[in-house]
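Note that the chains are named A, B, C and D in the order they appear, and that numbering of residues resets to 1 at the start of each chain.
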Amino acid sequence: MAKLDLDGIFPPIPTPFIKEKVAYDKLASNVERWNTTGLKGFVVLGSNGEYVSLSEEEKRAVVDTVVQSADDEMLVIAGTGCESTTETVRLTEDCAKLGADAALVVSPHYYGGRMNETALVKHYTTIADQSPMPILLYNVPKFTHINLAAGLVARLSEHPNIIGLKDSAGNVIQLGEIINAVASDFNVLVGTAGVLFSALTIGCVGGINALANVAPKQCVAILERVKAGDLDAARKMQLKMIPVNQAVTVVYGVPGLKAALDMLGYFGGAPRLPLLPSSKREKSEIEAILRKADLLP
Amino acid sequence: MAKLDLDGIFPPIPTPFIKEKVAYDKLASNVERWNTTGLKGFVVLGSNGEYVSLSEEEKRAVVDTVVQSADDEMLVIAGTGCESTTETVRLTEDCAKLGADAALVVSPHYYGGRMNETALVKHYTTIADQSPMPILLYNVPKFTHINLAAGLVARLSEHPNIIGLKDSAGNVIQLGEIINAVASDFNVLVGTAGVLFSALTIGCVGGINALANVAPKQCVAILERVKAGDLDAARKMQLKMIPVNQAVTVVYGVPGLKAALDMLGYFGGAPRLPLLPSSKREKSEIEAILRKADLLP
Amino acid sequence: MAKLDLDGIFPPIPTPFIKEKVAYDKLASNVERWNTTGLKGFVVLGSNGEYVSLSEEEKRAVVDTVVQSADDEMLVIAGTGCESTTETVRLTEDCAKLGADAALVVSPHYYGGRMNETALVKHYTTIADQSPMPILLYNVPKFTHINLAAGLVARLSEHPNIIGLKDSAGNVIQLGEIINAVASDFNVLVGTAGVLFSALTIGCVGGINALANVAPKQCVAILERVKAGDLDAARKMQLKMIPVNQAVTVVYGVPGLKAALDMLGYFGGAPRLPLLPSSKREKSEIEAILRKADLLP
Amino acid sequence: MAKLDLDGIFPPIPTPFIKEKVAYDKLASNVERWNTTGLKGFVVLGSNGEYVSLSEEEKRAVVDTVVQSADDEMLVIAGTGCESTTETVRLTEDCAKLGADAALVVSPHYYGGRMNETALVKHYTTIADQSPMPILLYNVPKFTHINLAAGLVARLSEHPNIIGLKDSAGNVIQLGEIINAVASDFNVLVGTAGVLFSALTIGCVGGINALANVAPKQCVAILERVKAGDLDAARKMQLKMIPVNQAVTVVYGVPGLKAALDMLGYFGGAPRLPLLPSSKREKSEIEAILRKADLLP
């Protein structure tokens, strides 16, 4: 199986809802607009896609919608991680049939205390053995409360069908350790846009970043400036984007990301309950942050 | 709606698997055996039931099996908490139709950082408003990484359809704070058998305890001795059971609980992947612990 | 060396300051008042005594003052734990010379990541080997961020000069594990008054509790009611004291404890910087809590 | 007061002990050797200097020794943070008299729960107001369990006598937030050598790094290559140094740092108890790591 080249910026796109139902048309129109912004592709069913609040049927329909709406040259990576290994295999197969290019598999985590290296190796290799498409590991301790350390990533990277990692730990030392430990064609992508510049300069090939939903061109610019050796411009853009990234991640979360999308002409809408939409005060703070970063006219 | 009286011991029963498939017959035979041990009822689809690894269809079939197998006077409480509020409502309705007596609703937790009091009140009251059967809150920070504090519990306890709480935080101060804050007919049950004695003496009405799967009579004895005012006997039984409880919870987890059940004549079997079965060495340690506690001949 | 019998209630007394200087006369008058309240003795230089903000010279003078002011039959336990083993030995020797009856030795913690069982055994046995007075272990994860687990406590309890433990982890399961693991003459004292009742009923001999500074008679009453088998009265007093205890520990800290003492006719005063005194609003909240618990007229 | 320019690499030097006593001659000879390696100066009495295990008298003697041994153009920064504000002021004054150029003041942390922004601002401004030499903030959550966030640092950076920060949080996003928030002449130094390259490229002026004790020239090379715009060389050196840095910090701690120094011709020796020296096995692992990084012949 030829390895995919993932050197680029991918937004983990939110799932739009109207009155608690998935708004597939809004999803499609968002994707069509993102098509023109220089992104390498899309991640669907990630943490920002509220995958934990979607039924299996909705998950398949979301992947289908994005595959149909994305430009041909754009990659579609589907979040297929479930708590159970078997369910993950099944959803991965389904998403492959729907045309996804790769699967992003979050670590199982409810029984976090038992997710030692042996269990995680068994889980991921079982999936990778059976998956018709390549697998990316997904490390997001903020949500899972477990960490996929460099040693484990290196071990799993030797599987021919595990082609990369999204690491959202925000730990640049760990990114360095991983880059030291894996082969050069293993795709290490950073999941935390606040360190996109640092991740790229230490050796990551790209990013899967909530920020890329609201500031796709700016994320792409950081990548291109780093590639071009124009560190100063890249650094300045990174520093400018840090407050925006904090806003759409740790400070205001998925509701804030959706509120920001609404301000930027995309469809954001309300998250599915139990997530509450941003309050008026929060929206006003988000707007000020977007404005200060020159993302609003 | 008349409030249920939950003063007793409930085991959160494991879901048996054979080659990754739910073994409903083994589940039924386990329940039939537990019927004779003095328990007040059963909790199905809890953390020990690997609810996160079951499909909706399996969840319904598990509840159906237990409702059919449980003695008439025994209560069946179904774990119906999902990440999404709407999905929780739907599953709660399904389980009520299948004959469950109450629902145990774990706090949503993937977006733990956003699960503030407002979000949790909205989530739980939405469910309680729509549920045809009474609701119990389920606080299990070990797995969810969020805590339902006494103030929130007190506030939710005022809802007529929220009749109790399973608190697995293991924090006896918090149990005291909750008992201080709720009405006397609100059922506070402790989820951590290592403090069953202390929880009962401070004012809990019962327990939902992994330990009650493997030592039902001993858990019931602690409750009865406390009720009878024979503190010394209750205390001694509690101290004797602490190592067993640690074994089937924090030390060896759900796999260890299942291994212990196998040793005791129940069907335990292997957990569903990604959980790995206990190793030979672990099983031997568990056996020694059971033997020392006089649970094995 | 004859083992001390520590079955009773000890307040870990605050160190009074006036304009940042230790107010020894206020300390003495506080002690004289506490002498009449049924306490078993005093702990000086504990966390509530701001020991980390006292010079060695001040520490010795504080111990001297309390030894002189305490009634003859009352025990004086001095907090002598320092980060360095040698410095702890020296301070322990000094306090013994000044007339302290035992030393309470907090675990070293700055290099918490290296404080494994081997290091802690070496630290504590070195101190116990050289100390002219008996040693109590002091486990306070809230401040030290490390935990002295039951296995370590059991191992150290075999040293003839280590006679007990103050466990402020607030974890009643762990108290049970410790009581299971140590000889019956090893003094297990609970450091968290919110579980004083539960600790005593599970087998602790007494308590070293911030609450005992402001509610000494109530703490003593809990102990005496438990001893007398009047569980209901003990339980009611415990539940009544929980809000007061939370106030003078986690909610308002040492400054709140001192504010409460001022309201109760003791000298509390301001803590030493960097601790700030309670604000007006906080004092008003503390007063309401004391009043509700019938500690103020 | 003219602001110091701290753009360079500083090792936080260990304090050598022989049989638990400070070996001042070994300290001097170490410093003399480091004088020739391109470093900007020295930090004494930091976490790697076991400052928590030194008496006040020893602290002064250590500073005196280093001031005497350091080359004239090298800066000497003394760690003067104590738990009490007043004690910190006094030690800062003493160290200034002994010839130190600046003070590095770790956040007080024993009462971490009370170290809110108000308390920390009061603490640091009290010290800065009275200090005869400039102050650097020291943020080291690994040891203190509290974090000095960007907003607080920005606020404190406005004090004319607070000239910089050592941030050992290892969080590159936070470094970016701080750089966004402070004036350009405020010295932001990174305390975690695993992200030295990333910190410098995002805008830090230098580093105070345990690694600089054992690999001073390599740390200086990373700084110089970044300044020269040779990112690739800097990045490669950073990646090569990550395993060494992990070894002398999180993996083997201060004992490991001292063991590495012994292997490299400096005097390392044993730490003071309760820290235990590295075991034979650990030393052999450290040696292999040093060798692989070309630090040993």
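One rule holds in what follows: a residue touches a chain if its C-beta (ideal position, glycine included) is under 8 Å from a C-beta of that chain, and two chains touch if they have at least 3 such contacts.
This one's a predicted model, so the numbers in the text were calculated from it and none came from an experiment.
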For this session: Name the chain whose C-alpha centroid is most distant from the C-alpha centroid of subunit C.
Result: A
Seminar exercise, completed: Between subunit A and subunit C, the Cα-mean centres are separated in Å by 50
Exercise. What whole-Å value do you get for the distance between subunit A and subunit D if each is reduced to the mean of its CA atoms?
Worked result: 36
For this session: Mind pulling the residue numbers of subunit B that touch at least two other chains?
Result: none
Seminar exercise, completed: So the complete set of touching chain pairs is A-B, A-D, B-C, C-D
Exercise. Given the complex with subunit A, which residues does subunit B contribute to the contact?
Worked result: 20, 47, 52-55, 83-87, 108, 110-115, 118-120, 122-123, 126, 142-143, 145, 250, 253-255, 272-276
Problem set entry | Footprint of subunit D on subunit A - complex, ascending | 170-173, 176-177, 179-180, 192, 194-195, 197-198, 201-203, 229, 231, 235, 238-239, 242-243, 246
